[in-house]
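The following pair of complexes shares a single chain, chain A, combined with chain B in the former and chain C in the latter.
Here is the complex of A and B:
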């Protein structure tokens, strides 16, 4: 873990809490938390772009969905594929897609970057909507969950809900650690420099476009990891996975959770997801309540939910809660 | 690249911001180890000249040669990689990086492969920075930010250091410290292009002076010449 120790302890405690949850939680919530952890990975991948590189993508769900479609298309009816084949193919596929989209997109910035990423995502959306081979608007089923084994020997049975839970939790932690490592590495210093002042970073001799493209591909690949998990978990993928609504939601998780903190977007996904779940039971006008929540966070918590956590940490005499470095 | 060519040789630069014509044919050259000051009142094109040389605002006409190679219109990072370090106006510290990261991210060996300026040497040059390595860039005083900006440019091991208003807005004592460092940099054999308001110190530090007026070179000569010519001060620099 990185960052000052009060933050590290809080994050460790949170992971500990997640680790015991399947034994105490209702199966319905175990299922929901899997979904939220997947969204957490997805949101962290977008934070690399938004919070650290300064690129606001409005088409990030494209990579989430493409990965799911790849899994659905390559899984045969006869049974689950080996994860050692399925996962690399899905990640490589999304990385290539991100390379193509990024190659065009990083030439622009600001509002144009938002529009071009949205345009690419909508192209992908309509591609899958209009092709009956890919299920059209109905989407595709994933015939079976990937097989995690070695030789003929099964290491982990993903069909078991608890196993899938820990598999996802493990990948959530690994994603956080990998991204934190990337951000501390020289590469991370350069992209953070680009976010603060791109012209200055170029004047120091860095080809900033290339760095932005690499960051875009890494972010797309981690979004692909989330999309892979989502499709494997629900055994289903549809065009709505890569629609602009999905891209907008993950953007909200990052902004409401706290950009540029990595853990903030995960918090954002959890808070939004759990509130959504609660309000949905209380009233059919839950979207109205969610709207008020969003307005309240924007007005009173400019640094997102993570900013609140940091503020509480400081009030207790902890050190300044800087983002993971 | 030719060895005896000037490090920077700009000829006939015409640069525009949109439709406004800012530079009207600027010539400027800097040889290895030489210290040149760029003078002129506000808005005469000093910063634009620097931006044109560095490729940040490419000139529409004219050529920029670095070490004898034509780099007109090249991407800014390629020009910077040829040994040009910039200390920009307004310092340009990365507020979201720590002091250490601000320095380390810029580290690069010189064009000839030698790494003269390293983190310990920068800490040696600027002791206040050594005590603040883990502070974030936005937690520094103005003087410390300026030291960091100079230190960061030195970490690229440049052959020419371009200082745009490096002492602007600093307290007199800190200003003196920065000038002392600029002298040490010059003594280390690094060429400098200095833009500053402090004429007396500039004349003392620099070998040659170039005065800009309305986007043209109004006067060029040695610092000694300029010192004995108060008439020129009044005409181009007085307020």
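Here is the complex of A and C:
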């Protein structure tokens, strides 16, 4: 893991906590935490774009949904598909979709980038809504969970809730490490440079368009990983998975958690997801509470939850410094 | 498609374009002058439609409903600008997106609390309920024509106010250079209040006058918001002229898309937007990004 040692320790402790949770937690919450971890992967993928490359995508859910649809369409009625086929196809399909959308989108910037990514996501949304072969507004069921094993020998039974939990936790950690590695590599320095000052980065001789496109494809592919897990977990995918409400939510996880930290967006997904769950129990009008909550965060917590943690850490005379901006 | 059918479709497309223009012009003004991305703009449209439905039921007349309802919505717009949006002028667009997203959640939930999730319809006013025969079996409803004419009138007065009056001059100055306008002694916060309330009023009016031809339903604000953003982006952000051309393009593309390519209808407008942005990344009448 990267970062100063108090942060590393905290993150290790968090992963440790997640690892023992299935044995102490209520089955309902085990199910919920799987969902939250999937959203965490999804939010981290968007953070690569927003927090590090400086590209705000309002259509990131498209890749989340497309991957789920690919899994649903591929899985035969007769039983689970081998994950060694299903996962690569879903990821490759999402990467191609991200390449096409990105190729168009990275030519624009700022608000226009926000809008063109939204437009592509809406196109994908209506494509799935209006084609009855893809289930229309009802969506599609995934016939069975993917099979993890070699030949007839099963390595991990994803139908078992605990196995799925650890599978997802493993991928959450892998995603974090891979993204942290990408960000530490020269590539990561260049995309940070683009965020800080694109013209200057270009003047240094870097083809910034190409770097932005690659970043877009990587982010889309990880969103595809999250979409794959979500569809496999719930065994269901619907157009709402790629709707603009979903894109707005994941944007909120990233900002709420703190952009440009990777772990912040995961935190954001957990906080929002848990609040959503709690309010849902308290009142049927939980969206009202969520709305006020979001507004309060914007007005009073400008750097998200991660920023608050950093501020508290500083107030005690230690902790990580502000990320460069 | 014969000529009468074609004419009906053109008129429908233009009428839809006019309604879109009313919503999109507010959106583009608010972005161009205040630098605010207002996702909650569609909520004013939705509230307009619901208030029209409610007050038309109470008073029995759509005109009375509009006259009573508009000041109410303008007041809401004013309060929102004062107590939420005004804190965000110096912040990144991202936070504006987030805050106004929060407002959408609140507005949509309020709508559910006040009116439930049923679909409602508003009757066309008696005087305007006739239709004009085009051929033996084709007719065009008077009310749709009426919408187009009223919207044309509003578009023209908007053009005159912005191009010819002192307030319009301040608005244009604020759009091109906010700091300089302020330095010249214009109270820019007042201009912002006026622009935001005006935008809310235009969106609400569009929802009110359009209510008899489209149903009044939950989520109608979200739908119009996304399409209005497409209009604004095609036309170029901050340009009223662009919003007008963009609204007409989208109105016609959507109407003809539904007739000619029914299976791809909802995708046509987004495809159109992608094409325009490829050709001109800053929109048809937008200033190139610096």
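Keep this in mind: the second predicted complex is superposed on the first by the 316 of 325 C-alpha atoms of A that agree within 3 Å, B and C clash if a C-alpha of one lies under 4 Å from a C-alpha of the other, contacts with A are read in each partner's own complex, and residues count from 1 in each chain.
Here, contacts are C-beta pairs under 8 Å (C-beta built on N, C-alpha and C of every residue); 3 or more make two chains touch, one makes a residue touch a chain.
Computed from a prediction, not measured in an experiment: that's the story for all the values here.
Asker: Let's test your reading of the overlay: on chain A, do chain B and chain C clash or fit side by side?
Answerer: fit
Asker: Looking at A:271 after the superposition, I want to know if it touches chain B, chain C, both of them or none. Which is it: first, second, both, neither?
Answerer: Neither partner.
Asker: Under the stated touch criterion, which partner chain does A:226 make contact with: chain B (first), chain C (second), both, or neither?
Answerer: In the superposition, A:226 touches no partner, neither chain B nor chain C.
Asker: Rounded to the nearest 10 degrees, how wide is the angle at the Cα centre of chain A between the Cα centres of chain B and chain C?
Answerer: 80
Asker: Check whether A:204 is in contact with chain B, with chain C, with both or with neither, and answer first, second, both or neither.
Answerer: The answer is first: A:204 touches chain B but not chain C.
Asker: Could you tell me if A:292 is touching chain B, chain C, both of them or neither one (first, second, both, neither)?
Answerer: second
Asker: Figure out whether A:107 sits in contact with chain B (first) or chain C (second), or with both, or with neither.
Answerer: second
Asker: Could you look at A:192 and tell me whether it touches chain B, chain C, both or neither (first, second, both, neither)?
Answerer: The first partner, chain B, only.
Asker: Return the chain, chain B or chain C, that is in touch with more residues of chain A.
Answerer: Between chain B and chain C, C touches the greater number of residues in chain A.
Asker: A:260 contacts which: chain B (first), chain C (second), both, neither?
Answerer: After superposing on A, A:260 lies in contact with chain B but is clear of chain C.
Asker: Between chain B and chain C, what is the tightest CA to CA spacing in Å in the combined model?
Answerer: 9
Asker: Could you give the residue numbers on chain A that contact chain B in one complex and chain C in the other?
Answerer: none
Asker: Provide the residue numbers of chain A that touch chain B in the complex, in ascending order.
Answerer: Those in contact with chain B are residues 186, 189-190, 192-193, 195-197, 199-200, 202-208, 260, 322, 325.
Asker: Sort out for me which residues of chain C touch chain A in the complex.
Answerer: It is residues 31, 37, 84, 87-88, 91, 93-95, 97-99, 101-106, 108-110, 112-113, 222, 226, 229-230, 233, 237, 263-267, 270-271, 273-274, 277-278, 281-283, 289 of chain C that touch chain A.
Asker: Spell out the residues on chain A that touch chain C in their complex, using ranges where they run on.
Answerer: Listed in rising order, the residues are 50, 56, 58, 104, 107-112, 114-116, 118-120, 122-123, 126-127, 129-131, 244-245, 248, 251-252, 255, 285, 287-288, 290-295, 297-299, 302.
Asker: Of all residues in chain B, which touch chain A in the complex?
Answerer: On the chain B side, the touching residues are 54, 56, 75-77, 80-81, 86, 88, 92, 94-98, 101, 104-106, 108, 136-137, 152, 156.
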